[in-house]
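Below you'll find a set of structures to go through.
What follows is subunit A paired twice: with subunit B in the first complex and subunit C in the second.
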Partner chain A sequence: MTSTDTLSITPQPTRLPIRFGQFLPLAPPSIMLIFIFAIPMGMMIALSFRGADGALLTLDNYQRFFSDDLMLAGLWRTALMSGLVAICVTVMAYPVAYYLARSTSRWRTVVFALAIAPELAGVVLRTYGWLVILEDHGAINSILIWSGMISEPLPLSKNLLGVVIGLTHVVLPFGILSLLTSIQGIDPNLERAAQILGASRLSIIRRIILPLSVPGIVSSLLIAFTMSASAYATPALLGGAGFKVLATMVYEQVLFYIDWPLAAVMAVLLLILMLTMTLAGTRAEARLQRKLHV
Partner chain B sequence: MSSNDIEMISVTKAYGSHRAVNEVNLAIPAGEFVSILGPSGCGKTTTLNMIAGFAHPSSGDIRIRGKSQNGVPPEKRGIGMVFQNYALFPHMTVEENVAFGLKMKKRPIGEIRDAVKHALRRVHLDGYGERYPKELSGGQQQRAALARAIAPEPSLLLLDEPLSNLDLKLREAMRVELKDIQEQLAMTFVYVTHDQDEAMAMSDRIVVMQNGVVAQCGRPADIYDHPRSSFVADFIGKSNLLPIQEVQRSGKDWVVSVATGLSLRAKTPDDTLADPPQYCCIRPEAVRLTMVESDASTSANRLAGTLTRMVNLGAYFDCFVTLQDGTVLKSLVRSTRLPGLTSNQTVFLSIEREAVQLLPR
Partner chain C sequence: MDRLLSFAFQLSLFLILAFIALPILVVLAASVSPTTTITFNPSEWTFQWFTALTASRWLDPFLLSIKLAAIVTALSGLLGFLAAYAVAYQKCPGHETIMAFLVSPLAVPQIVKGVAIVLFLSSSGFYSLLGTPGLVMAHIILTLPFVLRMIAGAMYNFDKRLDQAGRILGATAAQRIRFILLPIIKPGLFSGMTFAFILSFNNIPLSVFLVRPGETTLPITVINHMEYSLDPVLAAVNVASLAFILTAILVFEKIGGFSTQIHGGSK
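Presenting the complex of A and B:
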């Protein structure tokens, strides 16, 4: 073959056949995920359709859940609690994240350490800490009663309020981190450009910073929501016996009533709740970003 | 009212013990195109940021339109700014970007619409209003940023290296357009750049900065023809800079001895020397290169040497001539003037006495 022949050959399409070798590094984690995640999850979902009579596919267990007002209240309570925590966390984390993203002061490192430090103590430890502060004989109530401002202790724990306070504290660092990444990605010159064009501090936040940090806000809301919805220790300890959410109800069904299929239903519903929120959140993000900038 | 748009009165900005801007005095007349020119890190951006109000002078005073700006925030200074990276709002269309300043000033909707259209037409971006910044090319983004800055019609516009991200061709085209816009709108432009060609091409006045101080301020031609220091001579245009060992009087001329032993005759405009000169500066275009020895009757300095290197610049050659004493002089030769010129041949140089400038630093 002459060299001109070689030149006239049209180049082969560069797309290579799929080589299995390139997926090899993915094998160990995939196998691991299949065994510790996918299979148990599948078993749980299957369990939720298992009938008491041995039937493999029945909606009995779901019917039992949805016809019980107490259980429905638990589902509703889970959503409410997680939603409140998501909002509290995001609202509180935002100013901290903004400060951390923009400050050049040497206090920045200190604030950053303080914001993340709570994660070093375990959830249970921190929840007990809040119990000491919030319970009827706890720090706040003792001081208020001692000073004569109230005669009966305020209901700060064993209810939604206590759980939301505790969970907000537990989840806050995650909210700060996800907002921080997003705000750090906003060019500081945009703020200067807005400022020199006559925008006040408030307008800059409303028209520039907030719209551009929508991805961070959404991810903070979602992380806080899913972490709260699946939290067990904090609702169990700070909520008391009467405060039931899906996570504590699953535990109860498995341990006290030994009703595995019903527990599986609750777990599936918890999963659906979190997936729905994640899906709704990511879809809202795109739309919100367009709307906010007017 | 003062006719100066900006006055800086012994302004210093210190970061710790480092003075980014040191005792700068500057008066920028209304309607002028003023460039702040200097190497990286000399304090150009810091100066601009202090005028804009993003940084505060450690000492000294900045006045805009005769009024001290001490404590006046950027949004109240009534100036426009174009940033090096354009800083267009990515979540707004070009139109919304341009309208932003007018909206903040609470102008009526109809007026905003007209002003936006007008500004976009002025920068040749009509038809691009609906696009988002990321849907524009670099040059178009630069124009959009300019339109946004000029739409509220500030009397004063600050520009921080606005062309440095563009390719050479676009940069040269934008120079002309920027200058046109500045003249049409009769705005004061303060233009920061480290590109001396850019500064020479557009400015009414150039402020050359060096290590936080103003090295020289004046019209482009003045600075080029009469640099006040070796730094300015070196930074603006090309030059042969030779350290001086001794200067002696000889009739109406000065006889300058250079470290290598070369001696040159120089003539100053008023026959005086303000400070003892340290350097002499000869522009390459003032060094006339010939292949035959020139007429002995001229009063010019006459030298001979070997042409050691020729750099082709297209229309010109940059010729490096090594003299007998080892000094290398650069000479600019039009390509068509000496067709037979090759390196390693003996050449002759003549330099007018007036072209040998004596610099105190």
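Presenting the complex of A and C:
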């Protein structure tokens, strides 16, 4: 790869001159990335601004999106669904992450494996499992009807509830991991000191652990929100035909309605939603981090 | 009060873990239950649904997914190694900027990447690339940043004096890569490739745009069926593909030996 292949025991100068050969290994991955990622992304963004009359720069497509009530409802539903999942994931991930950060018991490894391993199973398997549990003839409704508690099946799937349950399950391991990193960074001596000084468990949690783990809470909310907003399979299967979010609407525009400019608009909006959330989140996290360490 | 809190904590921990395990246990039970009614009684279990997997409607997508994941894993391992060699090992000029560019696809959600790639292929006359070639390329865009990061991580920690020793003893660059660099970064390389394999094999958001009739991956075939019925055969398909993933991980681990790395290097 380098030009100094032959035996040379003279010490190399610390600042090497720029050699073309150094960049050679970068060619295959970069070409791949430019042609299959950068150019397609650029074309898609350009397409979202192209008019039906051939104009290169118009907001017509965006206007079409924002003047359509169904589309706006989809956008609102995406935000609502992702927000609910973010809250559910963070609330459920917290006790698990706290246990994993502080426990020294031999069950710790078991809990860790249980919490993370489902990620290997893939979204399809888990969605199938939830459908079998939640659908009208599914496990929960069968048990409740059999026991006489209800006469009509409860609407557990093919709606927002089903999607939130399914997505929470998919995203939970990521929430646990981001909270775990944060809680592990809190000095356990702080808790011991507070305990010695007579603080109750509850006030230790409320006044030490929770405030110090706020950056972890923010990053858990953030990862859960962004993963949910761009999830496709779970809303498509657990939400049913009437449950439209940005990700499933994009799919329909590309493959059924073949309205590519509108599909491009939706993809760009999804991207903007994602990037602003990430940016706002990392900013908030950095600010909180600074506040805690002053 | 503290005892009550401790009890509530343990109870919530138990309930959350049960929530995590529940759908997976249900699928396992459904795959061996004789009827659509799920039974947890082992004496009733049957493997009849698994025999249906030999039919070509399941076997073909299964084989396509395996082929796809294998190609994607090999190529992203190779491309990731090349990129990491220039960026993390040789630290070429501007290596930080180049690294940021190479991992930039991570910032874009999969579904957006999928739309961009399908629109590009369809509108630029590359229509014939939809199907397997498009799937391979799209999956590599997804997996490359992860593989690159893991290999680069291993290369940043590489002790350059080993390479210098090899050079002094007269080894060529190719020999030094093969006998010094590769064995040392192998755990990083293989953990990256394992990750790529799982990501590709289970992928939905990219594949959903790029599959063609007759060239459909296993997850897409399953979700297409799931929209109409919850056939127990689907449970068997899911269990079989999970078993396949776990076997693949074990094989990768056997070759790459990266578990020491994951457990924090307790050699």
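To be clear about the criterion, the second predicted complex is superposed on the first by the 245 of 294 C-alpha atoms of A that agree within 3 Å, B and C clash if a C-alpha of one lies under 4 Å from a C-alpha of the other, contacts with A are read in each partner's own complex, and residues count from 1 in each chain.
Rule of thumb we're sticking to: a residue touches a chain if its C-beta (ideal position, glycine included) is under 8 Å from a C-beta of that chain, and two chains touch if they have at least 3 such contacts.
A quick note: this is a predicted structure, and the numbers were derived from the prediction, not measured.
Peer 1: Go through the superposed model and pick first if A:Ser200 touches only subunit B, second if only subunit C, both, or neither.
Peer 2: Both subunit B and subunit C are touched by A:Ser200.
Peer 1: Looking at A:Arg192 after the superposition, I want to know if it touches subunit B, subunit C, both of them or none. Which is it: first, second, both, neither?
Peer 2: Once the two structures are laid over each other on A, A:Arg192 reaches subunit B alone.
Peer 1: Is A:Val124 touching anything from subunit B or subunit C once the two structures are fitted on A? First, second, both or neither.
Peer 2: Touch partner of A:Val124: subunit C, not subunit B.
Peer 1: Should A:Ala247 be classified as contacting the first partner (subunit B), the second (subunit C), both, or neither?
Peer 2: After superposition on chain A, A:Ala247 lies in contact with subunit C alone.
Peer 1: Between subunit B and subunit C, whom does A:Ser30 touch in the aligned arrangement: first, second, both, or neither?
Peer 2: A:Ser30 contacts subunit C only, not subunit B.
Peer 1: Could you figure out whether subunit B or subunit C reaches more residues of subunit A?
Peer 2: C
Peer 1: Per the contact definition in the header, classify A:Asp69: touching subunit B only (first), subunit C only (second), both, or neither.
Peer 2: After superposition on chain A, A:Asp69 lies in contact with neither partner.
Peer 1: Touching A:Thr226 in the superposition: subunit B (first), subunit C (second), both, neither?
Peer 2: In the superposition, A:Thr226 contacts subunit C only.
Peer 1: Which partner does A:Gln289 reach: the first (subunit B), the second (subunit C), both, or neither?
Peer 2: In the superposition, A:Gln289 contacts subunit B only.
Peer 1: Of the two partner chains, subunit B (first) and subunit C (second), which one does A:Pro211 touch, if any: first, second, both, or neither?
Peer 2: It touches subunit B, and subunit C stays clear.
Peer 1: Show which residues of subunit A both subunit B and subunit C reach, each in its own complex.
Peer 2: 200
Peer 1: Would you mind writing out the residues of subunit A in touch with subunit C in their complex?
Peer 2: Of all residues in subunit A, those touching subunit C are 1-2, 4-5, 7-9, 18, 22-26, 28-30, 32-33, 36-37, 39-41, 43-44, 47, 92, 95-96, 99, 111, 114-115, 118, 120-133, 135, 139, 142, 169, 172, 200-202, 226, 229-233, 236-237, 247, 250-251, 254-255, 260, 263-264, 266-267, 270-271, 274-275, 278.
Peer 1: Spell out the part of subunit B that touches subunit A in their complex, as residue ranges.
Peer 2: Residue positions touching the partner: 52-54, 73-75, 77, 79-81, 83, 85, 87-92, 96, 100-101, 104-105, 148, 152.
Peer 1: Spell out the part of subunit A that touches subunit B in their complex, as residue ranges.
Peer 2: 187, 189-190, 192-200, 203, 207-208, 211-212, 289, 292-293
Peer 1: Could you please specify the touching residues of subunit C with respect to subunit A in the complex?
Peer 2: Contact set of subunit C toward subunit A: 1-2, 5-6, 9, 12-13, 16-17, 19-27, 30, 37-38, 78-80, 82-83, 85-87, 90, 92-93, 98, 101-102, 104-105, 107-113, 115-124, 137-138, 140-141, 144, 148, 167-168, 170, 172-174, 177, 198, 201-202, 204-205, 208-209, 219, 222-223, 226-227, 230, 234-235, 238-239, 241-242, 245-246, 249.
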